[in-house]
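Think of it as A, B, C and D in the order they're written, each chain with its own count starting at 1.
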Amino acid sequence: MAECHPVGFQWVVEARARGAKVFHVDPRYTRTSALADRYTQIRAGSDIVLLGALINHVLSNELDFREYVLAYTNASTIVSEDYRDTEDLDGLFSGFDHETRSYDPASWSYEGAPEEAAAGERAEQVEGGRAHARTAGPDQYGAGGAAALPRPAADPTLRHPRCVYQILKRHFARYTAETVEELCGVSREDFAELAEAITANSGRERTTTWVYSVGWTQHTVGVQYIRTASILQLLLGNIGRPGGGILALRGHASIQGSTDIPTLFNILPGYLPMPHAHRNETLDDYLARAGGDTGFWGRKRAYMVSLLKAWWGDAATEENGFRFDHLPRLTGDHGHYNTVMGQIDGTVKGYFVVGENPAVGSSGGRAQRFGLANLDWLVVRDLALVETATFWKDGPELETGEMRTEEIGTEVFFLPAASHVEKEGTFTNTQRLLQWREKALDPPGDCRSDLWFYYHLGRLIRERVTSEERDLPLRELTWDYPEEGEHREPSASAVLREIGGVGADGQALSAYTELEPDGSTRCGCWIYCGVYADEVNQAARRRPGREQNPEALEWGWAWPANRRILYNRASADPEGRPWSERKAYMYWDEERGEWAGPDVPDFEKNKRPDYRPPENAAAEDALSGIDPFIMQTDGKGWLFAPAGLSDGPLPAHYEPFESPVRNSLYGQQCNPGLRTYPRPESPYNPERSPRFPYVLTTYRLTEHHTAGAMSRPLAYLAELQPELFCEMSPTLAADLGLANGDWATIVTSRTAIEARVLVTERVRPLRIQGRVVHQIGLPYHWGWGSGGLVTGDVTNDLLPIALDPNVYIQESKATTCDVRPGRRPRGGDLLAMMEEYRHG
Amino acid sequence: MAERMGFFTDTSICIGCKACEVACKEWNQLPDDGFLFQATSYDNTVALGASTWRHVAFIEQQPVWTPEGETGDPLRIGPDGRWLMSSDVCKHCTHAGCLDVCPTGALFRTEFDTVVVQPDICNGCGYCVPACPFGVIDRREDDGRAWKCTMCYDRQRGGLEPACAKACPTDSIQFGPLDELRERAAGRVAALHAEGRTEARLYGESPGDGVGGMGAFFLLLDEPEVYGLPPDPVVPTRDLPAMWRWAGAAALTMVGAVAVSFLGAAVGSGGGSGRSAGSSGSRAFEQVRGVRGVLVRGVRRFGGFGGSPPAGWLPMRRFQGRGR
Amino acid sequence: MAGGGWFARWPVIRQLRGQDGRGDAARSARTDALRPRVEEADSVARSVCPYCAVGCGQLVYVKDGKVSQIEGDPDSPISRGRLCPKGSASKQLVTHAGRQTAVLYRRPYGTEWEPLDLDTAMDMIADRVLRTRRDTWQQEHEGRVVRRTLGIASLGGATLDNEENYLMKKLYTALGAIQVENQARI
Amino acid sequence: MTRRSRERATTSGTPSGTVSGVGTVSVAGTVSGVAGTVGGMVSGTGPETVPEAEFRSYYGHPVIKRPIWHVPHMPLYLYLGGLSGASSLTAVLAGLTGRHRLARAARITAALGASTGSAFLIAELGRPARFLNMLRVFKPTSPMSVGSWILAAQGGLSAAAAVSDVTGILPAVGDAAALATVVTGPLTATYTAVLVADTAVPAWHAGYRELPFLFAGSALASAGAAGMLATPRAEAGPARAVALLGAAVETAAATLLEQRLGLVGEPYRQGRAGLLLRAARALTAGGGLLTLLAGRSRVATAASGLALTAGALCTRFGVLEAGRASAADPKYTVVPQRERVETAGPASVPGR
């Protein structure tokens, strides 16, 4: 956190000054470790073992926050008797189809779940085939997750052998301090200290928070990493309370915004799923299958209809299904890496790359570049000439002779972009806070905002459309934003107002609860509804922090509903009283008959703690006054996920796809559902291969940003970290005959790169399963271009394209490699060496 | 004069992010320092200099791990690891060597009691460079002038805090009235000692030290030299009166030696054959020949090595400026 | 200090008048006039740092149509005026010499960049989008209506504004382009 | 590479920490640990003459900055200033004792020395056009400021004296100017010792007692040699005496400088500086001896004059080089300060 989010880290420093204890778990001793009370080195890719052992420690010593767990989680829920655990199947859950390498989640459901829902899901998968099953990720269910029984059978004594609590106990029993030592390389003493600290610091009086970043997500079991932490935090009562939570530190200014208003293939704004060809023929089909009807997700028709109205305006009517048919349909994985394979295969012809640099920034850079070289046309928009724009004249494949400029047919348009000070608009930061940026000045030369580009591109396209049916969605599209200034810049505030939503009277809406399913409201992103409340750009509010309480509700605007802590109903006990004075946050004010506290309540302001829903209640009315998790169909925190995940209802430790270590917990070595693309452009290191004996992890440095286009051209940053380096322990350096400052070549099946060696005891050899395992670390900020004052080999070229089956994110944090002294071979020699590694 | 302003750099909460280095360069529009990988932990800017006015040092103190015996188990040697980071800066000394020796008045003491170079005055004589006991100030060769931290004098003139202190994410760099900072620092050391971190100590806060106390002082977690700081710096001009006395003695020795040489020659030869007495307007010389005796006596008095030079003959006080 | 010719301002004379040779006497006229340059700014925009997702507040000072300084916004309850090295280098980000300000075009099999007028480029891109869309249009797939093209893909960074992402998703969806992705997948 | 190689075999942890990566790792070294022994950090610099002092540093980087003065500007200026100052004295005494040709030669030498010396000084400036700023203030705390005023006076006076003598214009003024150089001349020759001593450079600062005499002796030897070379033998007797006395003072001062300072004096004995200073001593002593023995031989006289001049030049170059070497190695800064703290307690600045 100190490395990549230094300014956010000020709050950790401040907490520490007030007595908080900070543990840092990381493969390397980083700048964060230097300021932590305890640093624990861990083998990259083994976190579920550690977290699982913490869960086991909590469960076997009954250290859970029982009152919280009973009231707010599904611990007491009884699971179907068809369910089989990894304990029973040596690392697999019930429902795995070896043929399709995917799960049928039917057997994971709650006992008594209507056959229809589960069966429907199953039938579809059979019907849609393998590709369709793959899309059964959580995003297919939108923000609400999968539907589950709102009032399932439960055993509040937690003794029923099939209740979630008991299943959890059995499942995590094998995650012990010994396995932590054996697989993570963490000593029993260190584990005991961590376990003692987090349990002692949780409960009524205290809360513990976990902070993570892509060190947890970029794995083939990335989603399950987060799940494991969620289970631990729910058991300890650390969700929805001040000082609790699992905090994702996101690495880009508006990466949160870019999933809220997604440029992602599988979702629409507000986490509404993209319709699927086989499941969602009509709006009604779609709504029936896009998650449950209870909880706030139960209002999904209002969210979806308002979106369709925002896009197709008056043309969207009740009669024509609000132009639901204008939405294109998915038939499987259309994600980033799949797209790249489509480029190589020639199905993808045109490519827009906007403020992104896949030629050096994505895993398996070679595959990316082979894809780019096979396009008809490519549009790159950026501040500098990024490698993605220039690969045809200076890419590494030219040096090896695999490509020749004259033979690359890609037509390339480079359009310079406006910087963040040359346009106005909102970023959504890592805490869901929208902040409006004022424009400081006009962009220079041909530089334009992306808003300008897409608005005018849309305008030009709409000028060219025909009367064909295919073009109807374009013809009917609402695309009339006011233009400003000599460049005819579309008004960003007008776009934000459309996102925030307007009512039947044309006035801006103030909350998503005002959205209607009848087409009378329009809203571009339901979770952002209210960002333009009272016709005021709420994201532009800037009442100074020092004039407000710590929640600072009048600085910017957080979705949803300007709420700062999600699920904050859980900050009070079931009766609505604070769990303790020390941790008081939201509470029920009986006198005024409403929830009070420093934040916006996460549920209806006047819903009494003793409210119990009547039969057949819908949406939020179906949740009782003690259901804090308002987006879930049952309002509970899911220790056990009966649906929604493609790789199991509970996390299990699987080794990274490329690992030097055998999974000693189960016979199943790696995530059974993970995705790979075995083809010549993206070969893989064999499992536990002696050719690739070292663990490789990648990371960022404080001084640079991502693949370097925003830092390497800047003298003040480039001079601080001028060269790509590889961090390794003195022991490994000695084994390899390397000295500090030397050159080394790092090799995987994909390619080899060179880096300077930084020999440091901050990277320590680990003892894993009785033998020494060495890890090395590589930052990934270098490339050959981007106008960089400093350049270097591309770390991402080394990485495998092995993806998490839920979200298709690649495993960049744990793979294997070889290290050789000296610089890498050049040209054909490099290819020859790689041949030897792959086949020799 | 306004209150004396200063920096307190608390290295115990420095995260080595180098925001101070960059914020300083952006504000002061400094050139880069070259793009060389140094392989000295995460430090690639090496030291303070003409173009780097804040410099973050990285000191790795980690337990050593070696494979032990045939099992190859990592064996840990040494105590718990530390990675010390510290942002160094000009000390703005009470008795500043650079300021004392600057011949042009380019360096001066501001109303905030800081020491600043005036780039419109500096002629690049370079004398300040070796005069600094901390190696802070340096000459930028392509520009020819000496440069160092100004504690953002221009910003202070507008009531703004220096760029580095403003940027510092963890408040490791604190800016304010020096007296307040000293108080705060003493409290911080006490707090760390109470936590058992007895290695914490202040550097440069004492007005009694060899530079009369630093306007920018530090909380360190190890000996100063580990961070590249001198353990007991002294302003070179502390010994200046003595230096002048010795130089005066040497000057008189010269006069004596020359006089003796001529007197000896006169005694030996009874006057040179080339002499043409009374020629070439030497009336004035005739009148001062009596000086000879004085010179000889002078040589006798100050001529030897090792004796105490005469004290207090330089009118130093008049030009010393206000005392402290 | 004011008044008097060069002789009166000559520091030696000022010294003889009693001013400190290491202090006031040594001051130059430029020094006396020194002020922070942000005071001369024509405008100040309240902005947000474009690097990581902490969302630190920035103040962007503009003088004579150029950014003269970017520093932390002390009002921000998130950052309290502080910035990391990247945030502190933001002025260089928007002003550095490597920044491209002109459209560049590489024709198929071309070996060099060529200049291109922005409007022409926009027209050419619009033409190519429609051509590729027409050529690769899928009305149906495996017997189901899909109304889409797999011929056009997009990869966006995560430093784009919400408003920009919104127009992108809206336009692509209307075009039937579904392979729309961004940094969040990476 | 030098910078990198220096921190190779460092140790970690405690001041006397073990070399990291025992055995096999010694090849590798690590970036960790700034603590180290001198031997570890400056390996390959040849045999040490004093027992190695243990100290810690930041990757072996110097604590203070190297003096940035250039070669040959600075040492030549030091030489020329000394030459001018001592020549002025010679000129006055020669005038008083009626040695007209010696007086004239010395006046001219003094004027040339001061003016070319000033030229080198100006060329040394980073901003030569601003050389007049040297007279912007008068700062007794700055030897360079004081020196600038002295040099200005010496330059003006010696020039007036020389011009008057050569042209015969205003002889009284010329004589008065020459007489005044009795004050400015010796100061011009010796203030430069204060100039270098009043720095944080350990070898210079610690030598503040010896350096003025070294420079005074060297100046006398230079001026004597110049007198010998420029004057017929008959009038040059006193010049030889000046040279001889100068050589004696220079040799004595140099010996003291090298021997008295202990660790901090090491740079005067080692490396390039040691070489230069040994050469200086040989040339000066040899030149002095030859002066005594030269008799009527013009060649021997010329040789002795040249040897003394070369010796004086080597002294100045050697002193500059020693200063640089002493600044470049943190040992000379850290060890004496650390010793002082541990024996006598931290330093202070009394009475200021």
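Side notes on the structure shown:
One rule holds for everything that comes next: a residue touches a chain if its C-beta (ideal position, glycine included) is under 8 Å from a C-beta of that chain, and two chains touch if they have at least 3 such contacts.
Nothing here was measured: the structure is a model prediction, and the numbers come from that model.
The interface with the greater count of contacting C-beta pairs, when A-C is set against A-B, is A-C. Centrality by C-alpha centroid: the chain sitting nearest the overall protein C-alpha mean is C. For the pair subunit A and subunit C, the distance between mean C-alpha positions equals 26 Å.
Measuring from the averaged C-alpha position of subunit A to that of subunit B gives a distance of 52 Å. The distance from the centre of subunit A to the centre of subunit D, with each centre set as the mean of the Cα atoms, comes to 68 Å. Centre-to-centre separation of subunit B and subunit C, using mean CA positions: 40 Å. Chain contacts: subunit A has residues 6-7, 10, 702-703, 715-717, 720, 730-731, 740-741, 758, 760-762, 789 touching two or more partner chains. Multi-chain contact residues of subunit C (touching two or more other chains): 11, 15, 21-22, 25-26, 70, 74, 82-89, 92. Among all residues of subunit D, those that touch two or more other chains are 4, 7, 12, 20-21, 25, 30-32, 136-139, 141. Looking at the complex, you find that subunit C touches subunit A at residues 43, 45-57, 60, 62, 65-67, 70, 74-80, 82-90, 92-94, 96-109, 111-113, 116, 118, 121-130, 132, 135-137, 139, 141-142, 144-186. Of all residues in subunit D, those touching subunit C in their complex are 135-139, 141. Those residues of subunit A that touch subunit B in the complex are listed here as 2, 6-7, 9-10, 13, 29, 31-35, 39, 701-703, 715-723, 725, 729-731, 740-741, 756-758, 760-762, 764-767, 770-772, 789-790. Residues of subunit B touching subunit A in their complex: 13, 15-19, 21-22, 25-26, 31-37, 39, 41-42, 44-45, 60, 62-67, 71-74, 81-85, 169-171.
Interface of subunit D with subunit B (complex): residues 3-4, 7, 12-13, 15, 17-18, 20-22, 25, 30-35, 55-59, 61-69, 85-86, 89-90, 93-101, 124-128, 130-131, 133-134, 136-145, 147-148, 171-172, 175-176, 179, 182, 185-187, 189-191, 193-195, 197-201, 204-205, 208-209, 212-213, 215-216, 219-220, 224, 232, 234-235, 237-239, 241-242, 244-246, 249, 252-253, 256, 323, 327, 330, 333-334, 337-338, 340-341, 346-349, 352.
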